[in-house]
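Note that the chains take the letters A, B, C, D, E and F in the order they are written out, and that residue 1 is the start of every chain.
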Amino acid sequence: MIALDFTQAPPPALVDPIVRRALEEDIGGGDITSALTIAADARASARLVARKPGTIAGLVAAEAAFRLLDASLRFEVATPDGGKAAAGDLLASISGNTRAILAGERVALNFLGHLSGVATATAALVEAVAGTRARISCTRKTLPGLRLLEKYAVRCGGGVNHRFGLYDAVLIKDNHVAAAGGIAQALKRARAGFGGKIEIEVDDLGQLEEALAGGADIVLLDNMNLDQMRSAVALTAGRAVLEASGNVTLATVRGIAETGVDVISSGALTHSAMNLDIGLDF
Amino acid sequence: MIALDFTQAPPPALVDPIVRRALEEDIGGGDITSALTIAADARASARLVARKPGTIAGLVAAEAAFRLLDASLRFEVATPDGGKAAAGDLLASISGNTRAILAGERVALNFLGHLSGVATATAALVEAVAGTRARISCTRKTLPGLRLLEKYAVRCGGGVNHRFGLYDAVLIKDNHVAAAGGIAQALKRARAGFGGKIEIEVDDLGQLEEALAGGADIVLLDNMNLDQMRSAVALTAGRAVLEASGNVTLATVRGIAETGVDVISSGALTHSAMNLDIGLDF
Amino acid sequence: MIALDFTQAPPPALVDPIVRRALEEDIGGGDITSALTIAADARASARLVARKPGTIAGLVAAEAAFRLLDASLRFEVATPDGGKAAAGDLLASISGNTRAILAGERVALNFLGHLSGVATATAALVEAVAGTRARISCTRKTLPGLRLLEKYAVRCGGGVNHRFGLYDAVLIKDNHVAAAGGIAQALKRARAGFGGKIEIEVDDLGQLEEALAGGADIVLLDNMNLDQMRSAVALTAGRAVLEASGNVTLATVRGIAETGVDVISSGALTHSAMNLDIGLDF
Amino acid sequence: MIALDFTQAPPPALVDPIVRRALEEDIGGGDITSALTIAADARASARLVARKPGTIAGLVAAEAAFRLLDASLRFEVATPDGGKAAAGDLLASISGNTRAILAGERVALNFLGHLSGVATATAALVEAVAGTRARISCTRKTLPGLRLLEKYAVRCGGGVNHRFGLYDAVLIKDNHVAAAGGIAQALKRARAGFGGKIEIEVDDLGQLEEALAGGADIVLLDNMNLDQMRSAVALTAGRAVLEASGNVTLATVRGIAETGVDVISSGALTHSAMNLDIGLDF
Amino acid sequence: MIALDFTQAPPPALVDPIVRRALEEDIGGGDITSALTIAADARASARLVARKPGTIAGLVAAEAAFRLLDASLRFEVATPDGGKAAAGDLLASISGNTRAILAGERVALNFLGHLSGVATATAALVEAVAGTRARISCTRKTLPGLRLLEKYAVRCGGGVNHRFGLYDAVLIKDNHVAAAGGIAQALKRARAGFGGKIEIEVDDLGQLEEALAGGADIVLLDNMNLDQMRSAVALTAGRAVLEASGNVTLATVRGIAETGVDVISSGALTHSAMNLDIGLDF
Amino acid sequence: MIALDFTQAPPPALVDPIVRRALEEDIGGGDITSALTIAADARASARLVARKPGTIAGLVAAEAAFRLLDASLRFEVATPDGGKAAAGDLLASISGNTRAILAGERVALNFLGHLSGVATATAALVEAVAGTRARISCTRKTLPGLRLLEKYAVRCGGGVNHRFGLYDAVLIKDNHVAAAGGIAQALKRARAGFGGKIEIEVDDLGQLEEALAGGADIVLLDNMNLDQMRSAVALTAGRAVLEASGNVTLATVRGIAETGVDVISSGALTHSAMNLDIGLDF
């Protein structure tokens, strides 16, 4: 089930519990510094501003952080999730009680920086493969507790989602092949029980041939070099979707895409995303 | 409260709920692939192995992932949290029901790869400043829901922890100074209400003088260049702990340390950690 | 993504929280009756016994109910989930503290009776269509909070699972068609964003033709009569999987299956399942 | 404590967590279909309509489902919980963002269909015994996680509630009698510790006599035939409340009621309720 | 439903979540002090010892605190819940990892001290009324989140439990009387809907007469003086259970009991309990 | 980290889950009495009134209790948290649906009475030491699940907070000293790992000298008599903060304060607080 390409944000019913836990982590017994230095009834306006250019994701979580702290804070989005920001661009403005704004600042930024980092990394790969047929996809290599939001961030960056978990797609790996007694047998067993598209991982062209013979819908080319990928594309001749995986970087991704594969997946998009620098200016 | 330097792992009472949520995220309705290709009573042994060298953190979470899936799995640690692994080194071995091992694999690796990435990045900075007085510290810029474990990972890497949240230390920033009417006033108010060490952020040497005059225990030198830092160390002459922050990389950290500052803090250790490549071999 | 056909039980990590909530509901301040009439250290053996014939599902939840109440209770399965029981057959035996067994009895039976009811109803339909190509599937019409276990129960009964939620498959219904501006347009948009198989609901043969022309992988024939279904099978000629839905009962299902459809789905399997009568005998 | 007869709906504080879990189950990573086919800012009005006649229960949960997804949706009740609807009657109308309405549709209907099914089944029994002294009661045989709402639905249908759990009433069954050393002894022990009304289960008239001699307030006549029940009523002569249980169906309930028993309880009201067919029309 | 008199401890399924939250509160990022001063593999034995005489309650929670921190700790009870301890008596012994014991110490003692305080205060009142017919009961005035355990502690002290919440008994107070239009009317309405015993609060003998005429099962004499109570007992002449409430202290309770009332209830038992001094000795 | 002195209330994000659990505890299946005696649409105004003089804390929780039950209730604060109330003073007024007000009454009062009790006890000690240098502090001896709110209540009463948990300060006790091999060694180890102020507990003047020699920032004088404390103050001569602990009562606290210690801490403030009598008048 590679390639879920949609931009709907998760609803508050799902985002709020995640944000609430982050607030509990950060606030605990209270924001001592603000309480000691800022009047309880002070009011302020603040601006979430991109310090570096990037693709934005996570305003839904930032909004929740402020709302759960103080329902009377005003939060207005200027650059919505999925939008591109230049350094200095306004993302959203917040106004209301100063202590509440400061109490939510770090949690909001932690979500926003990480998720925008994911979106920005995704957008960079998407841009690098522009004009090819390749789609950029994430994997299940997400940070624990953040999968829902990271998958959303990938979509904000123009990427697509691979399966959400073990429950929503079949992806046959080497251990499954070994246990089933070969590629043909593994595919047969999976087909017998699963009505969706079936993906299988292969290491070389021989396995690819077996996979195609077995009727795989999607084949994951694991750590192949460009020559192998080109041969795989030729050999497959459209009989299956081809997903390339392994050693995907901004430097390599164009070359991979030009082999003709359909999907390029990268765990690093989520498990090694660089935070996008975003600040809160008063 | 900079510099918590201890290596105790969080107990199951605190780790288990975090791991349980990650399992719910990944498994949902079940591991379709394994169920279709692997016998229900198949048994296997598998090895968590480092694919790249690094400092290990997160085996407590990996252990929990397997235990919560199947209490009868055996999990034995070979390289404990905090240990250094070469590529190929065994971290832990797991044996028992094959489906259970495969169901826990990704969640265990997601914790282990991220937390070992944090530990490894920390250890690199720690090594780079060896012989200086500087300690490497993380910040509150952690990934939502993972602060407890990330702070632990920083300690596994030889770093120290800054405050855990808004609740356990005073760190006066520009907004607080503005609201309080100046550095002296902000420090005075904080001192009146807080019995621990008080930290304040300064941008230049003038502010540093005010901070020292106001009796700050710790001064955060925000985005200063090396010359400014050296002057700050000289000017301070031991009257306060000096923390350097901003533009901390493997390339710059030695230089920063050699200015004589006491602590160097980096948000990137946690918010932009590269995953350490770890695999599960059957 | 129709037809997930696998029998793996959900692991304790996912079952335990559901069972714990049920125990909280039932026990609250304590089991007054047992406390007043049974000695604290009394011990007993009890047997979970089918009072009516049926297909069993839910022993994983029953086991959890007893284990979470008293980890020293022994629970031994005689007829595993997915097995068929005649009236009087032993399903499992429990021994240990009498009060603990009685405290868990109702919660264990509530899970077991409902889930075995789902499995039994499923098995009846599966049996009724034996020899045809039709698979019996459930829907998203599950009882709130019990989807994971009900989907499992359907598999225990020999049925297959339709999508788990809104997140793991595309099923285009009339509102989506209307919003997209027609069947062709809706399919095109979905195909552009979704790499898995795409299902669309149709009401008549004209819509079916449009759906096939638009490349639908699966077509849901909504509330068609047998003649329409037969025509649909002929018209489709294998170009798509056909799912029949609406008015599926034990009386009608064989006729539906004999039209040649691939899948017959029933919300009643889960939302209107009759409890299977199971008792706990001391 | 048989016969709690009140119609108060549970408050949002208790309903919302149950509904939130149902939304998490259904929505997970997002509603793919709507996201691909419906514009993000599309707006619609929709109507919850009864497709079959019945007694309505669960609008409090349906309202919560939509509110937790999008606080700006308007939800207006036309036929309140406890009301009777003919086929085609409007139950409630919802207006606002189309995607949000579609995302909440299934969860809202799953609550509403099940709880209205419980209420409708209850109302049928209540009507069948009209003019007799018998009240219709549910039991603890509820679906796990839904007891609070199912008990409420029974009240919406004109029935009464038996105990909520093990904690709020004494009901002495055969195992308790055996452990205590007889009916007299069990009643004596219970009376010594419990200030409320005490119920005991009996199988025959001999046990009934013992129960009455022991001062039972309520006697559960378990699986007696009509003759036995009539004799039980005569023998009891108002000294205790009589509850009939076992083989209660729409066909049998009038006969049971005419024996003169006070309460007729049925586990099937909750554990085997047929879903009431309700739809959402745009 | 006054007077639940049973000593069953709540099971781990209900106690563990309460204890887990207390551990999260206390441990957060880790026990810094132990980590810095005690070797990770140090082992110790420790003894929970009463420093003052009292009645013990809460060992079930103390056990859970240590078990949830480290499942390998040994915990052996010497003086079980409900037992009386002299100053210096051993309550339980713990052995295993020293850091784990120290990490659980405070949480275990916080439960044990508070709950034993409740039990001890209860036992003092129970003893003071020995030989009279009066039972000592708690109320709903419990500390938020601890009702289950406090009610258990009252039973450990020889007291009985009043209702557990708004859901398990009828207690008509002045606001209900006013809303219903008088005592008779309120009782009539309650009787129509509630099959258990009905309690009503009265302020004077006139109201008592109305309550008895209306068939109240239990009458709460609110803040009456001893003369009024004696008159109430005479006037009632066994027609209802009489509960005295208001100004119940160790000094006054015997006098109240000697008026002949059946139950004496005290909110202070739970909302103002003095901690029993218990220590952990190594 | 003794002496956190700030009055910020915890935000709804942290208070609501605690209050929700209390509502679940109390309401369960519903408020039977109100449902039977009060019309569903009745409306009322009610006043939270102090029955005894005291310092108020907990209106944030009371407000949450009413809001979570019925978002349309109006709640207006008259005497804010931290304010002093005379007997009869209005604390807050609530208006709206009568049943909702009655359903929230007990939970709101349970929070308000306990937390105001903590605040009032704190204020009494604070007043008693007026004019001395001593601050009144709480400890970790809090009631499980209520630490956040109790620490807040102590601040409302003019007291200061000691550490929040094991995670935010170092407090070396006898077991740590024993394990580390003496006071000097324990302090040295702690200093090596902890950048904040370090506290150590001592029993006599000899230990105090060791602690001062070892550079302790704060010394906890455990159960010393007044003479010892005076000697300790003299001996310390400002080199460390001195905290007195043990046998702190309203009768003794002035004497302790006059010895010149800096902080006086009391577990009884939280673990043995007397409820402040507050009522809800219609």
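The rule is short, and it goes like this: a residue touches a chain if its C-beta (ideal position, glycine included) is under 8 Å from a C-beta of that chain, and two chains touch if they have at least 3 such contacts.
For clarity, every value in this text was computed on a predicted model and none was experimentally measured.
Trainee: Note the shortest touch-path length, in steps, from chain B to chain D.
Mentor: Minimum step count, chain B to chain D: 2.
Trainee: Do the two copies chain B and chain F share over half of their interface residue numbers, or under half; same or different?
Mentor: At the contact between chain B and chain F, which are copies of one sequence, the residues are largely the same (over half shared).
Trainee: If you tally the C-beta contacts for A-B and for A-F, which one comes out higher?
Mentor: Counting C-beta pairs in contact for A-B and A-F gives the edge to A-B.
Trainee: Averaging only over C-alpha atoms, locate the centres of chain D and chain F and give their separation in whole Å.
Mentor: 44
Trainee: Can you work out the whole-Å distance between the CA centroids of chain A and chain E?
Mentor: Here chain A and chain E have centroids separated by 51 Å.
Trainee: Would you give the residues of chain E that are in contact with at least 2 other chains, written as numbers and ranges?
Mentor: 4-6, 27-32, 34-36, 103, 147-148, 164, 167-169, 192-194
Trainee: Can you work out from the touch definition every pair of chains that touches here?
Mentor: Once each pair is checked, the touching ones are A-B, A-C, A-D, A-F, B-C, B-E, B-F, C-D, C-E, D-E, D-F, E-F.
Trainee: Can you name the residues of chain C that touch chain B in the complex?
Mentor: 4-8, 10-14, 17, 147-148, 151-152, 161, 164
Trainee: Give every residue of chain C touching chain A within the complex, in rising order.
Mentor: Within the complex, chain C touches chain A at residues 1-6, 160, 164, 167-169, 192-197, 218, 241, 263.
Trainee: If we count contacts the way the header does, which residues on chain E are in touch with chain B in the complex?
Mentor: Contacts found on chain E: 20, 23-24, 27-32, 34-36, 40, 68-71, 99-100, 103.
Trainee: Looking at the complex, which residues from chain F come into contact with chain E?
Mentor: Those in contact with chain E are residues 18-19, 21-22, 25-39, 42, 61, 98, 102-103, 106-107, 109-111, 113-114, 117, 140-148, 164-173, 175-180, 186, 189-190, 192-194, 267-268, 271-275, 282.
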